[in-house]
Each structure stands twice: as structure tokens, then as C-alpha cells.
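First comes the structure, then the notes that go with it.
Residue numbering begins at 1 within each chain, and the chains themselves are lettered A, B and C in the order written.
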């Protein structure tokens, strides 16, 4: 170990920062990798991991800080340049061209064929032919091919982003073996994963990001998970009291929404939950665990492969969001760009659902509409100074508009997908209060959040989804951040007292 | 062999359809032979080049609405420059027109990349611009085509049933397409149409590839314009119905609107099928105007089916 | 820092112009009229104004089809053909079935074309440009076939339409009788009816509209049918103005109608703009037409100019509003 300190690190990123408009994605990220090391890059949702990865691989430019490769400050302007500098990434989505065959994809990336075949073999894909179309291959195979292509480039540094996410167990084993073998031969690996077991198995160190800054760099040893979880958790979110502890409802009677064994695509495997009137049910999950698909099915955007949905005890199947709305299920999407008419006014955005049916195509009763819109604006305290175009509002106010739409229409069941992402603390608190108020008036709310501290503030209980399945249900009283974080990472609950 | 069939199933199916249509033509017109094939190929030639032009940009994930207008510019330029010019000079004219096509296409592509205005809007505006340019060059049909050029597409080769026009088409397309298809540029064109993000991550220069695709489109369009002038013997500034025909042939030929899939062979067979349908209708002595309606309806229905399939594919 | 301030004030100006395109447009119109008066002193008089308005009205009406479809991010390239068919069918049927029935018969094919467009765009999700181009082609074919059947009947432009198209009352063209209520209805309807609002909503963000329960196909189908109807009415008015029905009667208005809507501040990507700008845009193009005729600019150069205007205006809108 002492020998390594004297040599220049292969990659040394210091004080990297990046902002997008008003949002600071990274404030002070750093990462140091020596020859032959495997370093885990960890961080909760929104900690800035993906931004950091994009900067390291040249897909984004950093605002300040430096990225040194072998001690030299090199501008990595594009993924192609990063590749030439010896840093080869394997992204979460395969970067293979679906409509070309394997051979053409190799030629496109100037990848030597023989080493590629060797690695494909090593990684355990037996029946691959170079004439196979990429688009016809299963996702797991594509990820392996992407890795094999990267390995064939003989990279100095290999960056693996959630490499094992969509893989079956036997392939995971092969990947871990090959990665370890790479490190033993002196190549370095940046390993991004949510799976502690894998990190413990192959990594030398773990670098932890929180709120855009690197907060720790730990060698991997027994019991290191607890320390990492602790580092990933920020200071507790101070939003003040949003509700009385006694008001926590106890579910009973027919649930407003009952979901059984829902499955869709490769991510949503088997989710069951029930939501009662007056209840706020939190959904806790790391990114890409199937929560997107769950909400899309409930909102009528997509149809499930398997499973049933019942509203007030009646089975439903939605062909269009209009069906879901008719059943009282109203959806606030996570990406505000999907939910808003950006060039239109606050008024028009809020009034949109009121006009959706052809029966409402005629003259608008302006006064009645204005009253409903005004009510929603006041109830949400939307800042209407820039109401001419929604795109000129702050993120928080935009979010209020997407929710206000359903307040104006009347709320039965509200599906909120990460409503507080990227908005200020004051607005967050307003949204928690609103959610509680709606529940108190008898609405049912399904509330996915990427910010764990919100669960006790806004929800009565939370279902935890990991790998497309419900792994735990945690009551608000027990829903402290460490418990939720462990559950979200698929770790078993700690014995009482330890947290 | 089975893999060959599954990979080229659509093209083989089109070929079978074309051959059965030929057989049908023979039934309704027993003396349909070398001269029939020859006139079919000659009539199809400009359509085939327009289709090739459209196919390249559609594979790259775009569309070019100005194909017919660029053909008109190339056609009238050739006709005007060739009037009363010797054989040697007219060879230079042909070269010049081809370069003109490349330049026009590259301008389209560069405007799309630089202005960041969607391709469909840019090429709509350029449709008007090229149309105007053609009108400025030649107000009414006129000019001439060198005799050696006209003879290049007239008649058949020797005793064979092989129309000269067909040989010309095959040679022109092969000279450009065959080396391109397997080159890095060709693969990049497929890549940006198939998945632009993946292409970027694979290190492809998206902008330059797009400009190149449009330039090749312009080149094929210029060939189409030349072919038009060769077959009519003069330049026609008002563009013919090549835009819709080329989109329909491209879709029928198995190139998915949205990009990444298909090749040139399918669309070329498809355009022959569409022309042969028209010829058969004429042989059946259907009113030529009704033929136009039937043809238009076939094309619109093909495009509609193609759009439905592309939409389904995107959602799945 | 100064560059930052500059860009923001430029952006603010851009926003202002994007919000109120009508003000710079009217200024542009006045400037064009000024240039015209400067080149030919005395040309701008009551008679000229009346004439300009008379020729701008059919253009503005055809541009209504483009404006409405463009608000949803579409376009209607079959509008000119629909208008021509409508005029031709009406004129050839007058002697057979009388004026009111002939007008009705004339409007039916225009609406049919609109419905087919709507079907293709709404149900099959064909790009409106390709779809309407196709129906335009088929429509022209149908018209040619129709012409052979009625070649003996001859065509008549009814007195009433001629009066509406060319007549004047107190110096003002009678066409305003049709146009003023039409424009008022459209400008009112685009903001004050559910249908009008949905056009903006779909053009602004189809996903958001879908999440809010809007079934896009219903709106598209109705929209393109309505566009066909307006095109038909335009054709009837235009044949009253030109008084000679032909197979390509309204076709020269197609390109200017697209340009009028674009100049008028309607975004070709949808979600922004409105009919009042289009009306001014149509006036500008009509005055510009007079100017180009005075300059003896050939037809080719005009087309180039129109194409470049569309491209330039679209690019400027994208830059100024930072869309996409």
C-alpha cells in the first residue's frame, strides 16, 4: 500500500463542480484511482453520481475543478476522446447500435474482433454470432457485449455503471471474476453499484458522494456497509412538524387502490400494495427498481404484463390516462417537462383537465373556470408574478402547477412521482402540508420520493421496492433514514437499538 | 440460408411480388416483352433515383422534402448547359450537375445541423428555395440533352432483355452504395438513425454524419434530375410528384420512418412495383386520371401503414 | 458580465416579441407600405387599400387552416386543393342544382379531404406534412376525373359569390362581411373555447395533455375536418374574386398561406401564436407581393424569398425563445 502513495494516480479528479441553471448538481466531487485498484463510487439518489460519471467520461463539461489523467490535466471533450485517453465507460444503457449486427458495431467503434471474442467467451456468452442483430439480443447479453467491447479496448480505467443490474446470477459471477482479474493484471476499475455484496466482494475502496460532494473514502472491510450508509445519509431534513403523530390512519375497509402482482417489462416484477382513503403511502426505491413502470401503469400510460389493479374494489384496466382519471387516479409525473405546457400560462395549465372531454370543447365558462383556478392557486400559494409562461416559473412553482391542476379538478387518488425533486425547502414543506391536508379530507395519495427524509414527514407508511419487488413495508414511526436506506439497498433490517 | 431469408425476407417478398406482377402484365398484354420492360425501366428511372435519395436520409433518421425540387434544379441546369454543346463538354456538365447535387444536399444538411430547426421544417423551406432556383434557371420547359446521354437509356443491351436504363441505374447506385454501406461513414449513417444517443456514446460525429447523409441524398437527387432530362430531352422547372412517390417507395421497401433499418434494394424494387402497377392500369385502359388517384391512394395507404408500424415499434 | 446582461436583455426582447408578435408585424406592414409609396408616389390610395384587403382576405382565410394545424405542430398542405375542388364543384353544379345546393355540394369534398387527413394524422400517426401532401395529390386526381364528367355542363360563378368576392360597399370590399365575423370567431375561439385551448395544449406538450386526460386523436380528427371546411369556404370566396374556376385555382395561395402563418408568429412546432398575427401576416405578404411585382421580381425569386422567410423566422423563434 505504501508503494502506491508514491506513484502518480491514474485518475485524479479534485474539486469538480457543475451546476445546471439554479441547481447545483456537484459542488466538490473528487476521486482518485491508482493502478490496479477497484474503487466503488457510491451515493444515494440525487447525490450527483450520474453527473460525475458524465464529467469523468467527457459527456459533460465541469464548471470548476480538474480531472488529471496520469498526472496531466487533460480536457476530455467527448466520449470518443475519453476512450482514446484510456478511460472506457460501460453505461447503464448499452451503447450498441440496435439496427446493426455485432460485427458492424465492432467496426464502428474500431474494436479488435479477436480480443472481443475472447472476452465474450470469458464472460460466459457461448452462442454469439457476429452476424446477430443487436436489436434482437436480450438486454443481459447486450450489457455483456458492451463490457466485452470495452475490455477489448484494453482500457487503463474501466468505468462500470450498474453493470450487474439486469444480469442473471451466473453472469454476475462471471463479471465479478473478470473485473477482479483485470485489477490483478494492473488495470483499474471504477465500479458503480447499489449492491453491497458485490462491492464487498471485489472492491478495494469506496468513495461516497452526498449532495454533490465527496464525503468519504473508505477501504472495504467487514461491517463497512454501516459506515457507508451513514455517510450517504445527510443531515436530517429539517422541515418542522407537518402532522400530529396521532393522526396516523389505520387502514381498514375497502382500499381505494389495490394492486396485486403487477409486472411490466424487465424492471417491474411483482408489486402488490393497497392504499386506503385518507392514507399517504410512500414508495421508496433506488433509481430504476420498477417504480416508474408502477406509476405509469396506474396512470394509464402503459399496460401491465401481469397482475391486477382494483379501484374501490372494482377491477380496472386502463387503455388511456383518461380512463385512469375517470376512475379518480390522477398522476403528477416526476419530470415536470412531461407534465406541463411550458409555453402556456399558469391558468391554461391548471384548467387543462377541465377541458379534456369532447363535451367541454364548446365555449368556456370563464368565470367558473377562473374561480377553480384561483382556488387552486391560492391553496398552493403559487407565485403568479410570471404566470404568462410556465417555463419562466421556478421549479417549485412549476411543481405546484402540476399538482394544482388536480386540485382544480378535484382529487380522489393522487399519484405523486417524486414531487419535490430539485425544489427549495420552503416549497417542499408546503407540498408535505398539502399532501397531509388532502389525505385528511379523504384523498388517497401514493407518494414516490427519492428523498428518504420525506417519508416520515409526509407519509403514513412506506413500501420499499427493490429489484421490481416489494421487500418491506415500514410504518412512519419506524421510517428513519438509516432503516429506509438499508431497506432500499435490499439489506435486512438492523436489530432495534443499532440504528 | 434460413438466416439469409429471415434477414432479407421483406426484400425477397417484394421481388416475388414484382415478378408475379410482371407475369400478370404478360397475361393481360401477351406481347409485353423487351420493349415493355424497357419503357417501364425508363419511366421508373427518375423515381428510382428519388427513392434512393430519400432512402439514405430516412435511414439516417431524417427526411428530405426537397428531393423533387433538387431534381428539378439538377435537371434544368443540365438541360440549359447542354444546349448546343459538344459531346466532350457535356461530360463536364454531367460532372458539374453531380457536384451541384452534393452541394445542395450538403446545404440542406448543414442548415439542419446549424439552425437546429427540425429536418422536416428546414427541408420544407428548402423545397420552396430549390423550386425557386429551378424557375430562375429556366422559366418554362426547355434546353436540351446531349444525344449520347439520351441513347444511354434508350433501348436494350444487345439481344438480351436487359434495358440500358436498368444497367445505368444499377451501376450508379452500386458505385455509391456498395462501398458506402460497409464503410465507417455508412455504418455511422445507420447508427445515427438507429439510436442517436448510443451513436454519440460510441464516438460518432453526429453533425458531420448527418450532413454527409444529406449530401449523398443530394447526389442521388441530381442523378434523378439528369435521368429526367435524359428521358424527356429537356429541362422541366416544375418538380414532378417525386416526393410522395419516394416516401411511399421507401416505406414499402422496408426502410422504417425514424431510421436505422433497411437498405437501398428494397425501396428500388418497391418503386418498380409502384410504376408497374401504374403501367398495368394503363394497359387495362383505365382512365389515366383514375390511375393517378389509385396510385396516390396506394402511396398514402402504404405511408399510413408504415407510420402505424413505426409507432407500434417505438412503443414496444 | 456585460455579455451576460446583453443576452438577457436580448432574451427579454425576444420574449416580448414572441408574446406580442403583432406589434412589430404592424410596424413592418407600415414600413412596407411606406416603401411602396416612396417608390410610386400616389399609389397608396383608398382604391389600393380596398384592393389589398380584397386579395388579402382569401389568403388570410387559407392561412387560418395553417394557423390552426400549426398550433398543434401540424400543417395542412391539402388546403389549397380542397379549396380548388370546392370552388370547381360548386361552379359546375350551379346550373344543375341551384346555388345553395351547389355550395353545399362544393363543401362536402373539402370536408372529406379534411376527414381523411384527420384519420391519417390522428389514428395512423402519419406526419401531417406527408399526409396532407398525399391527400392533396389524390384530390387533384379526383378533380381531373370529375372534370371529364362535367365538361359539357360548363361553369358559372353565382352572382352572390361574385358580389361577395369583388363587390364594394362604401369603398370597402364586401368580403369583409364574411371575413370579419370569421376572424372574430377564430380569435375568440382560440382562447375561449375548450377546443381552441386543446390545440395549444397538444402543440405545447402532447404527453402532458395525455396525462391530463386529453385524447389527442379526437382533437386531430375534428381539427383537420374543420381545416377542410375552412379551405372549402375560402375556395368559394376566391372563385367569386377570380371568377374563372380552374383546376389549379387556389394553388398559388398555398405557399403564401404557410408563410403568412409563420410570419404572423405562429410557431411551426405548435403551442404558440394565434390568428390575429396571421391576418397581419397575410396583409404583409399581399403588400410584399405588390412590391415584388413593382420590382419585376421573377416568380422563382419570390419562391426563394418565401422559403428563406420561413426558414429565417423559424430559426429566429427557436433562438429567441430557447425552445428545443
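Odds and ends about this structure:
Rule of thumb we're sticking to: a residue touches a chain if its C-beta (ideal position, glycine included) is under 8 Å from a C-beta of that chain, and two chains touch if they have at least 3 such contacts.
Since the model is a prediction, treat every value here as computed from it, not as a measurement.
Put simply, the chain farthest from subunit C by mean CA position is A. The pair with more inter-chain C-beta contacts, choosing from B-C and A-B, is B-C. Between the CA-based centres of subunit A and subunit C the separation comes to 46 Å, rounded to the whole angstrom. With centres set at the average Cα position, the gap from subunit B to subunit C is 31 Å. Distance from the subunit A centre to the subunit B centre is 46 Å, each centre being the mean of its Cα atoms. Listing the residues of subunit B that touch subunit C in their complex gives 63, 65, 111, 115-118, 120-122, 124-129, 131-137, 139, 237, 241, 243-244, 247, 287, 289-290, 292-293, 296-297, 299-300, 303-305, 307-308, 310-311.
Against subunit B, the residues of subunit A that register as touching in their complex are 59, 78-80, 83, 89, 91, 93-100, 104-105, 107-109, 131.
Chain contact summary for the complex, subunit C toward subunit A: residues 15, 19, 192-195, 197-198, 200-201, 204-205, 207-215, 218, 222, 271-272, 321, 323. Subunit B makes touch with subunit A in their complex at residues 3, 184, 187-188, 190-191, 193-195, 197-204, 260-261. Contact residues of subunit C toward subunit B in the complex are 120, 124-127, 129-131, 133-135, 137-138, 140-142, 144-145, 148, 255, 268-269, 298-308, 310-311, 314-315, 318, 324.
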